[in-house]
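The two complexes that follow have chain A in common; it is paired with chain B in the first and with chain C in the second.
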Partner chain A sequence: MAIARPALAAPVVRRRVLHRDRLIAVFMLLPSIIAIAVFVYGFIAYTAYVSMSNYTTARIDLSFVGLDHYVRLFGERRFQENIRNLVVFTLMFLAVCLVFGLVLALMVDARVKGESLFRSIYLFPMAISFIVTGVAWRWLFTPGDLEPTGINLLLERIGLGFLKARWITDTSVWPNLEVPGLKVRLMVPLAIVPVVIAAVWQMSGFAMAMFLAGLRSIPEEIKEAARVDGCSEWQLLRYIVLPMLRPVTLSAIVVLTHVSLKTFDLIMTMTGGGPGNKTELPSLYMYELRFSQFNTAQAAAVAMILLILVSLLTVPYLLYNRRAQSVEQ
Partner chain B sequence: MSAISPAAHPVHGKPLRQRLSRALLYAVMIALALWFLLPVYLLLITAFKDFSEVSLSRMWDLPTRLSLESFDRAWNGGQGTTGMRGSFLNSVLVVVPATVISCLLGSMNGYVLSKWKFRGSETLFTLILFGMFIPYQSILVPLVMVLSAIGLYASLPGLILTHVVYGIPITTLIFRNYYANVPTELVEAGQIDGAGFFSIYRRILLPLSAPGFVVVAIWQFTSIWNEFLFGLIITNDPRLRPVTVALQNMSGSQFTQWNVQMAGALIVAVPTLLVYIFLGRYFLRGLLAGSLKG
Partner chain C sequence: MKSERKLTRRQALKLFGAGAASAALAACAAPAAQPGGQPAQQPQQPEQPAQQPKRRLEIFSWWTNGGEADGLNAMYEVFLQKNPGVEIINATVAGGAGTNAKAVLQTRLAGGQPPDSWQVHAGRETLSYVNAGQVEPLTEFFTEKGFDKVMPQFLLDQLKINGEIWTVPVNIHRSNVLWYNPKVLEEAGIEPKFPTLDSLFAALEKLKAQGKVIPIAVGGKDKFEASHTFESILLAVFGVEDYIKLWDGTDTMWNDPRAAEALGQLKRLFSYANSDRAAQGWADAMTMVLEGKAAMTIMGDWAHGLGISKGAKVNQDYGWMPAPGSDAFMWLSDSFCLAKGAPNPNEARAWLEVCGSREGQDAFNPKKGSIPARTDPDLSKYDDYLKAAIADFASKPLVPSAAHGASTTNAYQAKFHNTLEVFSSDLDEKSALESLKEAVADNNR
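Entry: the complex of A and B
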């Protein structure tokens, strides 16, 4: 709390001016405070209330029904599928993005020629819309009915025809575990794999950028000293570089996971949630409930579950960051 | 892994093993670069083909001659396809004012939260930041109601307002971290000289702010241009659609051929790609700021 408090023996006049300035400061912040209070916290509170109301048709009905909609959701096959898809999508996306991003960063950081060109190529998908990504990758992963198209055709041309797959039209779940009490088959819906590939294509550059920033902040002297002590490059990576990347990795995990939980645009464009809800996430289900079925209360319940999931991740992170910052000051 | 570690001191006549691992490193990096460029290649070759050349079996082949037919159809429409010209204009009309307002608000907020801290201002800042992590599904229901109530639903100003409000957290964050690096002594010196709140901002902070404004402007421009959900919900009118919604609609239409869709995708991608190519450094800074570490 480094409050600007200048001039210890300031004359009364100046102190009064300062006091006035402090009021102006708060006043200038007020529009944003009000906007966030209403559009974030007020709206969330309203959504929470609607999720416990009887507003299930186009007619507004805010009578209180409690947690009925939540209970119904968790017992519903479709929502269980949503959650399964969300977990599978997030775990695959996160794991691949982190590993891939780290490898990219280490390579770019290896004093290669054309470093900035490589970096720019790996990062450019971050600058374009998920909708563009979705349109392009949907075509790539359209398997073709009679003759192979997209990736399948390419694989055939380069002699990798055995890798051909049904991609975004695959309805199977592998390895298709049945769990008593659950209405969905567990494990990986195969149609989600191409979506993960597209998402990784778009976001791994971001992971790379974060790791690269982390790598660049490691003082050269530390690495040099380790080398002098006879560290091999592999040991250097394992025992010095990776441990020092831990804070950056934590940030990357939080940001990537929260992006993954919120994914909407990409799936909307690539698969629309299909085939047979195999790639549908809660974000899409919420949209359909609210804007096609006009079941606003149920939609609000889905949205609240999504919000809670994201908050479980981001609130501790925000608090941790805040503490870290006040220590720095 | 030793293949990807730097040679500490480049010496002439490196051992063969090292040269081989270097070659392998470049091979992997180039292969990955090709993978990243694969969709771009497909977009380009497809979009520049004329209609007679569009065939599934030849989809990976280069066009025999460059044709702008697909772009014409994607831009102007025709034969069941809605052109994107109007949507492109809508996006510009939303992005420009929203970006300008976001910059001004963010700069003022960052100034107050870094140089005029008050009791509870840190808590307030954290509360503001939370706004950038929420899934927007959790505010859509009341957002539509409130925008309808104030007459801004299904209007471009409504979309602008929405983007500005939900842009407050990130723009405030970037400016606050940026101004935190401006020495507080400068502000205190200004106060001793009798400068007030606004003249300190105008004479001390603002002249130093250009890079901050560039980072925030690029960030907001890119995110708002690429945004889809708000555009989809708030502009409930085909004439008001932003480009991303228009592209999604085009790609879902059975009348639109692949080459036209790809041309449409390029049209949507070009503005932000240009910004990325020319101002990538600032884009990267905005990107990293989003992870809070500034």
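Entry: the complex of A and C
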């Protein structure tokens, strides 16, 4: 009540101040609004238009051709492979990253000695650029021919020679399913496994950090109460901790998935898309289309497909978040 | 209470928006400042008289290190001797064997800000720039400067697009060379003479049976190694005249049974190659030969430059011969063009004159490890391998390289490389041949 009275006493003055405030706010925001409108949404619209134009050579030709480029893309074996690789890469990367991240977080959360040291060790790979990760892991995963190199050499030295594999030069797809109407064999191209390992190595620390934050936000009292009620540690994890980690998990999934959808640098340096497009993602193909083949329209079509994939993921998440927040209020 | 909270959230949003916008602006500002590549030197030109505007020349290339950069600088020196007072803007973009540079160049050309002259493989690779109206014809320039009299007629013919010459070649590399390790072959009891593909396969079979070394090293990481090996086999299978017809933008020759035969021969060759080729580059392959881990490899004569840089001696530590099946000289060439709407056309022409001159080429090529595109070089400046290459260039039939743009457009090359990279991994002749036929139309754009 004491707060409300002065506000009621001087309504006119307050409104004017607010008005000026708003004006300044709008004024301050204007450059960023214009910049975002032009450089983000404007160019997205332009890309969408280019993807339906005839701009397929170095000569700029913006005459409209409709959805031709999309139709051609989905009929191409190479793009079908790209999509297969993208799905396989994302699912494997996501699953392994989340499991690793959760396990690491639970371990670090167990209040072990030197917790901050472990936390830093797990988080450290995130500080490295994907380029470095890609180059280093390519060296490790180059199998060698007559003499083993990299990981194969390591495995042989420690007596695990039977684990030697072709790694990033493995050309097989397992289990090589043939699907009528598709030019591509389905399921896991084995060469993508080392790439997933490298990506997980780099990003599981991030998942750990998110889970750790989630774990720390679960009130101790709830866990205590559950334990008092005779809950085992496993039940505690299964019925209390994991459900309470759901919002954090969702955020982690969204962030990691959109990282994986946009992956370019890691694959570019680690495999370059090879062997024989087995690890190529649409982002790499898009780069080749634009800058080696000078086929801007086709590249724009790939860009739009990637944008749609990313927004299929993020838009529902943002809507969900907004709803959750308004419910909170 | 509620409104207060909303306000703070809104403010937070605003802050976020402002942050994102400034980041976006910064991101946009960076490339905007970059394309010119002009160092901020305008303020500090004290020695220049005020009435005379500073003469400039901007050269765009991907020669950023090693012998390439040294060679380019040597050519700049020749230019500056003849054109004192011109400020040269050396716009280079490193990496990706030119892919990154081409990406930047595309952006600049699309934005209407061409450099005066840029590096491009001589021959059909120039076609996309010609079709887009981004370069000026230079046929008259060639006659005016007398270049047409000192460059082989074969080369001049193969340089022509729509009846005109568009670029000045500064060097010649040979693509169809087989590099071998003499000690390895001697120990295996093999005489290094493979005039035909069959004689090559006999040697490879012997090496494989002995099992001591990789018979033939092939790369794949740099994406052009498989197609590079393939073009030498195509030349062996088709012969000089029909090989040239492969690249005429029609699928006539690709429907010839010899096309499938060539793929079959390549498949046969791969069966003697290292199985981890997808992870090795051409330089790794050549290093295997130098170190005696592999007996031979087929690569362009930049592999000779690698040999020198590793301290190895040609004809001692490593030997060479034309890739089996043909002794023709498969050329590729770096060249410079004249941009349409070049900001400094006079300086650009003066630059191209240096590029084509004996002095310029003799300054550039010994450092780059290639031979001049002229028939009158100063032989004393070149090493033994290059002398032999100069002799072959003057006397052997010339054929253009496909993997390096002498007979192919950028679009076609990309598909050619990818098709053979895929073939190197799945060895599926039928689908490779299909892709090659499909790609043919791309050699016209």
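We adopt the following convention: the second predicted complex is superposed on the first by the 307 of 329 C-alpha atoms of A that agree within 3 Å, B and C clash if a C-alpha of one lies under 4 Å from a C-alpha of the other, contacts with A are read in each partner's own complex, and residues count from 1 in each chain.
Following the convention adopted for this analysis, a residue touches a chain if its C-beta (ideal position, glycine included) is under 8 Å from a C-beta of that chain, and two chains touch if they have at least 3 such contacts.
Everything numeric in this text was worked out from a predicted model, so none of it was measured.
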First (chain B), second (chain C), both or neither touched by A:R138: both
Contacts of A:R166 with chain B and chain C, given as first, second, both or neither: second
Chain B versus chain C as contact partner of A:A58, first or second or both or neither: second
Touched partner set for A:K278, first chain B, second chain C, both or neither: second
Which superposed partner A:V50 touches (first chain B, second chain C, both, neither): first
First (chain B), second (chain C), both or neither touched by A:N295: second
Touched partner set for A:R78, first chain B, second chain C, both or neither: second
If touched residues of chain A are counted for chain B and for chain C, the larger one: B
Which superposed partner A:A35 touches (first chain B, second chain C, both, neither): both
Overlap of chain C and chain B interfaces on chain A (superposed complexes): 25, 28-29, 31-33, 35-36, 39-40, 138, 144, 147, 272, 290-291
Chain C-touching residues of chain A, taken from the complex the two chains share: 25, 28-29, 31-33, 35-36, 39-40, 56-60, 77-78, 138, 141-147, 166-169, 171, 191, 271-272, 274-278, 288, 290-295, 329
Residue ranges of chain A touching chain B (in the complex, touch as defined): 1-4, 6-7, 14, 17-18, 20-22, 24-26, 28-29, 31-33, 35-36, 38-44, 46-47, 50, 103-104, 106-112, 118, 120-140, 144, 147, 149-150, 153-154, 157, 201, 205-206, 209-210, 213, 224, 227, 232-234, 236-237, 248, 251-252, 254-255, 258, 261-262, 264-265, 268-269, 272, 282-283, 286-287, 290-291, 296, 299-300, 302-304, 306-307, 310-311, 314-315, 317-319, 321-322, 326
Chain B residues within the chain A interface of the complex: 1-2, 4-8, 25-26, 28-29, 32-33, 35-39, 42-43, 46, 56-57, 59-60, 105, 108-109, 112-113, 115-118, 122, 124, 126-131, 133-143, 146, 165-166, 168-169, 172, 184, 187-188, 191-192, 194, 196-198, 222, 225-229, 233, 244, 247-248, 251-252, 258, 261-262, 264-265, 268-269, 272-273, 275-277, 280, 283-284, 287-288, 290-293
Complex contact set, residues of chain C against chain A: 2, 5, 14, 17-18, 20-22, 24-25, 28, 99, 102-103, 106, 109-110, 128-129, 131-134, 213-214, 220-223, 274-280, 293, 410-411, 413-415, 418, 421-426, 431, 442, 445
